[in-house]
């Protein structure tokens, strides 16, 4: 684990995304109309994501435990694609990229698990960091 | 959560994969030679994956807690691609697809986290189920 | 911890409840219309409850880890009262009363936490077992 | 999750309570004399409560992880009532009310679980915040 | 993780021990009289041990999650030595040695942590398996 | 739990050790050559130790949750002895001795678990604090 005892605290923000692709319009409709048998997919997945962000240091060996001071989750639905956007913020000595990506991956997995009974072809695509601010180097994804 | 009290126990297998793409040969070399500063990437990521598989029901709301009776992790390195292959088995009333996919995603995230200091362009691609056996319906990925 | 190695497996059901009392109709409206700033209270609290049921043996010292095979959550809103009803089932050697009560208490606490910013007088009342089936002795709450 | 990145750190205290009601004097005697078969009820429940307070952000979706810097547990036994009083303190950007209430609820549930074999009519009553200090608004329970 | 899908279920017992050595009689007296400032050492450590046994598969990478069906903790105090004896039982496909040893180590660490303010020379000695029954090979410690 | 709300933050370091003794040279060779069937013992045990350090407050009742800002693990192999050395650092109000000792004990237990199939006589010896710095009183082990 990297030594951060000497580092200064600053505000850090990370925005990550994951994309869930379903195979038919009925699946999107069921998500939007909250008629998926397992429950309200977007709300339940968001809740799972909030927990996942906070638990990142318990899951990734070298991640430092840190005070997650904000997590926000948005969804953008376009055609058969559900884009998950998650923002994490802290005021601490190290960044929250992996926290955001971990949250995004758990939201995607929860959607996959909840949609499985009604759509056998759901796929999870490119979990990635979109943007980060604070710390040594800002980062802006080339595709953004 | 789906009611499985009436279901019969049978042997279930799931094979999932995730792909981590790095941006240069030096990263692959550092992985293979175990010279990544944060540690032995493949071993540490595998260990994180073993824990993740077992903790799936604690992370995904509708997943049933179940006896994970086997988890195996393999890596295939080709060019700049590291393919993570994870097999999970149980003898229980419900399948282990999400467990395998959860393990794959955590292995990929651990690799991302460990490689970040030496390669800023690591990407995680398509976490997906490759195969499952047991239960109502076998599944074989179309790309397989 | 009570020794259950010699006990037989049978189907067990427990129904528990908790009641959350808010102080004004606006709070109930915000819950129903999903306009509480922290999110969709009933869905998020249900999700927290699903996790809590599964994690009971990690929270209560003498509870045995067991295969939670079904959890269902219902809400009944009457006036300023939100009644949380949670059913848990297993096929195992011991019952799931405490699991159901633990789930009910976490759902109530999540509602309290989410409603706090819009209603300072939310109260949690009587977390209790309503019914259980299976095992040595059925139980039916006197008030039921 | 509410954004607290801009907030100042200050000392926060919360006092919560829960009440466990047993159905006969023998139960109270067994608690006091440490003769309950499952073990020393007050000590074991207190220990479970210490853990629960620290794990609150892992259980309640919108709770921020925070440095729990003090937890104290007291019991007041009067007749057939065991009143659980729990004080939690932090020096952080947000309060510890839900942490204290979560601790109180887990202590009550542990008592319920441990007393169940000797008293079938144990009840958990009104988990509530008694007092909080620090932050925007102090709070003093009307019944206090 | 070793594949146990094909193995038969049988009753398994493991007895492990750890020894905590304190540096003066006053420490032993404080333990026995329950006057250690941090609380009742033996009861709190036992409670921590009950949790630890159940959580072993979450802590040790290759341990299978399994139904812990009995855990019992005993203490033997002789001179300045506190011997911790812990028995774990399951009816499952694999043994509970590591579970028992993990429980013993956490009980010893909890005692160390609680005694630290009153005795700076507490030591933890030889965590070891004393006996196991069930499975392929019984084991009996040579010193037993 | 000791009240630390009034304490000042300072840099704290703790170095703990545990010793694992195997019964034959073949075991040491298998560790060094990474040919133990369960996997790379030193890497997997280190990973388990990193998690354990971070999770200490979840395992030991009176331990405060704290920002683990550095953990480093070293092994010294001499004859049939594997000495585990673990350093933990934080900048916080309380020390990290128990965190380091907890990490050491989990590393030792993981080694025990992984070596069990090839060596039935592995033993874990004296988990202890070697050194600590920061806080009221430095400590240097008499044997060091």
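For reference, chains read A, B, C, D, E and F in written order, and residue numbers begin at 1 within each chain.
Everything that follows uses one rule, which is that contacts are C-beta pairs under 8 Å (C-beta built on N, C-alpha and C of every residue); 3 or more make two chains touch, one makes a residue touch a chain.
The model shown is predicted, which means the values in this text are computed figures rather than measured ones.
Colleague: Among the remaining chains, which ones contact both chain E and chain F?
Modeller: In this structure, the chains that contact chain F and also chain E are B, D.
Colleague: So which of C-E, D-E or E-F is the twin of D-F, meaning more than half of its contact pairs are the same residue numbers?
Modeller: Most of the contact pairs in D-F are shared with C-E.
Colleague: Farthest chain from chain B, going by the mean of C-alpha atoms per chain?
Modeller: Centre of mass proxy via C-alpha means gives D as farthest from chain B.
Colleague: Name the chain whose C-alpha centroid is farthest from the C-alpha centroid of chain A.
Modeller: E
Colleague: Can you compute the centre-to-centre distance for chain B and chain F, using the mean CA position of each chain? Integer Å is fine.
Modeller: 28
Colleague: Centre to centre, by mean C-alpha position, how many angstrom separate chain B and chain E?
Modeller: Using C-alpha averages as centres, the distance is 32 Å.
Colleague: Going by the contact rule already set, what residues in chain F reach two or more other chains?
Modeller: Counting only residues that touch two or more other chains, chain F contributes 1-2, 39, 44, 47-48, 51, 55, 61-62, 65, 67.
Colleague: Line, ring, star, complete or other: which one describes how these chains touch?
Modeller: Drawn as a graph, the chains match no named shape, so other.
Colleague: For each chain, which other chains does it touch, given as pairs?
Modeller: Pairs satisfying the touch definition: A-B, A-C, A-D, A-F, B-C, B-E, B-F, C-D, C-E, D-E, D-F, E-F.
Colleague: Using the touch definition from the top, list the residues of chain C that touch chain D in their complex.
Modeller: Contact set of chain C toward chain D: 1-2, 38-39, 44, 47-48, 51-52, 55, 59-63, 97-98, 101-102, 105-106, 108-110, 112-114, 116-117, 120, 123-128, 139.
Colleague: Inside the complex, what are the residues of chain F that reach chain B?
Modeller: Interface residues on the chain F side: 39-40, 43-44, 46-48, 51.
Colleague: Spell out the residues on chain C that touch chain E in their complex, using ranges where they run on.
Modeller: My answer: residues 1-5, 57-58, 61-62, 64-67, 92-93.
Colleague: Within the complex, which stretch of chain A touches chain D?
Modeller: 11, 47, 50-51, 54-55, 65, 67-72, 89-91
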